Amino acid sequence: MRPEGRQNDELRKMTFEPNFIPHAEGSVLVSFGRTRVLCVASVEEKQPQHLTGTQKGWVTAEYGMLPRATQTRNKREAAKGQQTGRTVEIQRLIGRSLRASIDLDLLGPRTVTIDCDVLQADGGTRTASITGGFVALAMACRRLRSQGVIIQDPIKFPVAAISVGILDGQVRLDLEYEEDSRADVDMNVIGTAKGDLVEVQGTAEGHVFSRAQLNELLDMAFKGIREIAAAQVKAIG
Amino acid sequence: MRPEGRQNDELRKMTFEPNFIPHAEGSVLVSFGRTRVLCVASVEEKQPQHLTGTQKGWVTAEYGMLPRATQTRNKREAAKGQQTGRTVEIQRLIGRSLRASIDLDLLGPRTVTIDCDVLQADGGTRTASITGGFVALAMACRRLRSQGVIIQDPIKFPVAAISVGILDGQVRLDLEYEEDSRADVDMNVIGTAKGDLVEVQGTAEGHVFSRAQLNELLDMAFKGIREIAAAQVKAIG
Amino acid sequence: MRPEGRQNDELRKMTFEPNFIPHAEGSVLVSFGRTRVLCVASVEEKQPQHLTGTQKGWVTAEYGMLPRATQTRNKREAAKGQQTGRTVEIQRLIGRSLRASIDLDLLGPRTVTIDCDVLQADGGTRTASITGGFVALAMACRRLRSQGVIIQDPIKFPVAAISVGILDGQVRLDLEYEEDSRADVDMNVIGTAKGDLVEVQGTAEGHVFSRAQLNELLDMAFKGIREIAAAQVKAIG
Amino acid sequence: MRPEGRQNDELRKMTFEPNFIPHAEGSVLVSFGRTRVLCVASVEEKQPQHLTGTQKGWVTAEYGMLPRATQTRNKREAAKGQQTGRTVEIQRLIGRSLRASIDLDLLGPRTVTIDCDVLQADGGTRTASITGGFVALAMACRRLRSQGVIIQDPIKFPVAAISVGILDGQVRLDLEYEEDSRADVDMNVIGTAKGDLVEVQGTAEGHVFSRAQLNELLDMAFKGIREIAAAQVKAIG
Amino acid sequence: MRPEGRQNDELRKMTFEPNFIPHAEGSVLVSFGRTRVLCVASVEEKQPQHLTGTQKGWVTAEYGMLPRATQTRNKREAAKGQQTGRTVEIQRLIGRSLRASIDLDLLGPRTVTIDCDVLQADGGTRTASITGGFVALAMACRRLRSQGVIIQDPIKFPVAAISVGILDGQVRLDLEYEEDSRADVDMNVIGTAKGDLVEVQGTAEGHVFSRAQLNELLDMAFKGIREIAAAQVKAIG
Amino acid sequence: MRPEGRQNDELRKMTFEPNFIPHAEGSVLVSFGRTRVLCVASVEEKQPQHLTGTQKGWVTAEYGMLPRATQTRNKREAAKGQQTGRTVEIQRLIGRSLRASIDLDLLGPRTVTIDCDVLQADGGTRTASITGGFVALAMACRRLRSQGVIIQDPIKFPVAAISVGILDGQVRLDLEYEEDSRADVDMNVIGTAKGDLVEVQGTAEGHVFSRAQLNELLDMAFKGIREIAAAQVKAIG
């Protein structure tokens, strides 16, 4: 049995508190069980260097974890003077995933930065960041439209993310930390409600997994992604 | 007139959400108007180097601001690879102030780290951090007692903090950002409900101020400190 | 048509120069077309902190690129004072992939570090690093056995890696840089000759891809992995 | 009794060696007993970013301590690769204090940097830096006038600084290191000969102090400030 | 007797593999015995700041050592986040030495960066870097001429470098690591086939040496430099 | 003619103020014309890692320059967060040179750190640092003997340093900055009064020089070294 009696294909309780930071262009406090991430979108009228001279926009993300988000306190990255490899890897993934959801030409020559700060961590912080990050991004786009900065909504479709894994021989959806740390295979799936993939990262630390298992994992992931995408749409309002 | 019709000697609306991070030894989301700081206490069974060989404890603090806590986004300190001078100055002040409230011998050979992370900033983040930090510290001490780790409460008295300033020739309590940025004199007072001082830092950027003005500022500050100390006691429960 | 007339499912010319650094425990200069990576295994009789007190070994990797490995010179990471996010992400992937190939209990309380330094880069440097890294690791294990340091070969099976992608609507194997930069979907597959997955990372920068496309990509990747695994075995000798 | 028979309200022997670095726009080697600080003013025809587009000038300060300024050698900050929090806090204080003494509009679009380097440290290095820094700044302004760069003297009044503290129940002026390390309350007062405050920072590490004690401390501090301001005027000549 | 029966005035086996990195403007893999250095020249159409506004070019060098170039693995400089003092000292020496060989006015407003990366280290890596660096530089100049970017060859004469030392009372040429580590006097001589000096650095760690010994060392060094210069010319072709 | 009418073989006015930092084990403010360096020796009862387990001592040096030592202000190294390559190169040279003057076995298991901080720079700061550094080192050794920490003086002989150069076709001693910046050949010679060499570093930025010129340079350098060594002995007293 899973913690708190969850079924293998059951998501944790998911909540969205939109507008958590009222002055920001978009923001949401998203939670999946005891994992809580504050996602905030900031729009700046500037382009990254590689887009200079074009009319295209950009979406990028930064990720952080408060020192006591975890059971035992971690050293603060700002005090260490460096972001860990894990942090850098995650924020690159968030940015890449969110860029799939948006037409950068319609966004126009500006940058949306999505800050994902983990207040509480119990597994799945990167997928919660993508899921919440999409909500913040969509809210920011809507505000840009309401201000007349852009005419057409650049959002193409919701992008949602979830983790799946194999644990004790069973495929499970939305692993919490205690499950994640014991899983044989761990996969993060970023996709759309229609069943298309944006990104897939599967790893078997010290093991291997078969094509058949991959397919089982993906089937269950997309069950979750459909539920999450519906909740995202509702949160954006 | 002050923003939102406040009187010169009136605090902003002050709220405390204790236990915001349930797994931490102590935590509170404190707000003064639009300034919101998450204060979390972590207890670790270790001593800083200068106490090795003694039975004394230590209280230290770290301070951070989420990138979009302010009206325009700031660069993330972890990404810059360095804490700013302002951050370092503030976290040293928080630690020093909170150590005044506690008997480090009674705390015993352990360290309490108070993480103060600003979710939203509208002036007074350092005083809100001290005020909330005390609540988190007191909650952590209570938990240590309930676990039998320590016998006697090491807390001596509540320490509260507030800003006062002179603006347009008037002494005002609890400045919000718009006021703070225009003030002629800006003072942070950390003290007790009984009217004693823990720390005082007054500065007149580009101006001077008289001893008489100093006394007016302190009188008003202690009016606020008494109200805050009462609210702290209530929040700790 | 692909550059140099390659078929969609054809690998670039692949060569292995084992023992390129004779004094190292294992080493190989691996090339896939114009991509050349020097992979060197170093054995040290020490354990990472998280294994202290156990009899397990560890395999880790570091990745670097010489400044002029690319068409235009890049700034030297040591001079910049920091590894890029891309570097950190790649070396974590290499380490994780190689640990799937080895029984860390049989390796015993020591660390094998695989240094992958790219002398020339034309796409696929991370997969070449894993492929060559496995050869260096296996050579180092053989040397440890021949020295009597370990009794039983800890290598479980060869791990090989290759990139696949979708470009101009076609699935292609082993993308070179010019193809990679234009691909709609880009996937790195790390697996075994038997067809099992060690890790899969697929991304569609700004696009999505279907489950059917994923399967096509994986089929072609495993065709390449079988050929590479055969060449690895031959290179180890 | 105090070291070397000083009275509670008696300053240490104070000396100024102006023009210690002849090529600099202003310089002085200031000493308070065994505390010796080299203060050097450098004028540069550039403005900090926040003044771009204005005709205002700026005064800023940097602080450093030679490794063997103290009884036992400290690690060199340049070798550690970072200024300590204490250094940053002090140099911000020096800059803020000196800006109170000068009309930045009259200074015009240029920056004066005051470098305060402690050759020997025996308590009170930050107040000696402000005191000597003012002398170097005033000398630099005089040189600018004699060169015809500016017409009117931008200096408004001398700013002097001194420490006071409570030790063994007694209020004492100008603490040396041995006293400072044992003091219950420690206060740095920056002010003018007329008795106005520029900045006040009082702290009671692990204690509290009353409003009455604060007033006693300030009375004694201003006695010292009047004597120091007279010596500053004489040193500038 | 020296290792492998070398005479005191005999160079190690010296080889040059030009065009090791075909896409670079110049490159060579140079070896002196077991010391192997990859030297690559990159031409960029930009000038260092101190030449802005002139028509002069610049030659600079960077030096690095792969972690396992030595018998035991060294920490990667990029991972440490800093180049060692030794690295910085060596790359400054290489740049200075190579600038002696070239007319920077004829080179024109561009920069040639020589990257010297040590694949295998057995003493004499800095002299091998200068020797190989010259070959890469000369190849790059030839390519610039063949492309019509420059008209006249800016190379003035070959610059070669070699180490000499005093060991067991004997003057020896081209020390390998085992000799170098035991030498009483260690000297690097950079010069020309005609017998002129470009740079000389002689050091007697913990000892002194006489003017007569200096002359003996220089005589032997120039014997080697003549042989190396001949080989350089042949390698450039 | 040279500045201030100096002869080609004439040193600048040289002064030594011993005991400039009275609490340090050894210290001297040394000046050569307008170049002034504060050299301070600190003895610590600890060994560097490579001497653990032996009874040998160590001498090391650190070098710094105050920001306004030069005509125009340089950025502070501690603020930049890194020592420049030039600084690192110089402090390695100082340490190496001073270790030639001392018997590390007689010094015993302790470390002497020589801090050389340039207060004013007008050429020749590295040679002044070595010259003054030796005085500080010898004073520290004498103090150790007077305290009974060591029995026998570990100093073997004075080590002095001077620069020589070729400028406008003439060999000159002790170049000041204006000469140094125009010199064709620049050489630093570290040696003894008896005429032995400790270290020689000669460089011809963009030129070459002959063996005959080398000998002329060395002859003149040793004339200076004899005079400096006599002054060092007198300064130590």
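Chains: A, B, C, D, E and F, in written order; residue numbering restarts at 1 for each.
What we mean here is this: contacts are C-beta pairs under 8 Å (C-beta built on N, C-alpha and C of every residue); 3 or more make two chains touch, one makes a residue touch a chain.
Because the structure is a prediction, the values reported are computed rather than measured.
J.: For the homomeric pair chain B and chain D, should the interface be classed as same or different, according to whether the shared residue numbers exceed half of all numbers used?
T.: Same, since over half the interface numbering is common to both chains.
J.: Among the chains, which has its CA centre at the largest distance from chain C's?
T.: D
J.: If I average the CA coordinates per chain, which chain comes out farthest from chain A?
T.: F
J.: Using mean CA coordinates as chain centres, what's the gap between chain C and chain E in Å?
T.: That pair's centroid distance is 33 Å.
J.: Provide the C-alpha centroid distance between chain E and chain F, rounded to the nearest whole angstrom.
T.: Comparing mean C-alpha positions, chain F is 28 Å from chain E.
J.: Between chain B and chain E, what is the separation of their C-alpha centroids in Å?
T.: It comes to 59 Å between the two C-alpha centres.
J.: Starting from the mean Cα coordinates of chain A and chain D, work out the distance between those two points in Å.
T.: 51
J.: Going by the contact rule already set, what residues in chain B reach two or more other chains?
T.: Residues 81-82 of chain B each touch two or more of the other chains.
J.: Ring order from chain A, via chain C next?
T.: A, C, E, F, D, B
J.: Taking the complex as given, what residues does chain B use to touch chain A?
T.: On the chain B side, the touching residues are 21, 23-24, 27, 34, 38, 40, 42, 44, 62, 64, 66-69, 71-73, 76-83, 87, 113, 115, 117, 119-120.
J.: Quick one: in the complex, what on chain B touches chain D?
T.: 82, 85-86, 88-89, 91-92, 96, 99-100, 104, 191-192, 195-211, 214, 218
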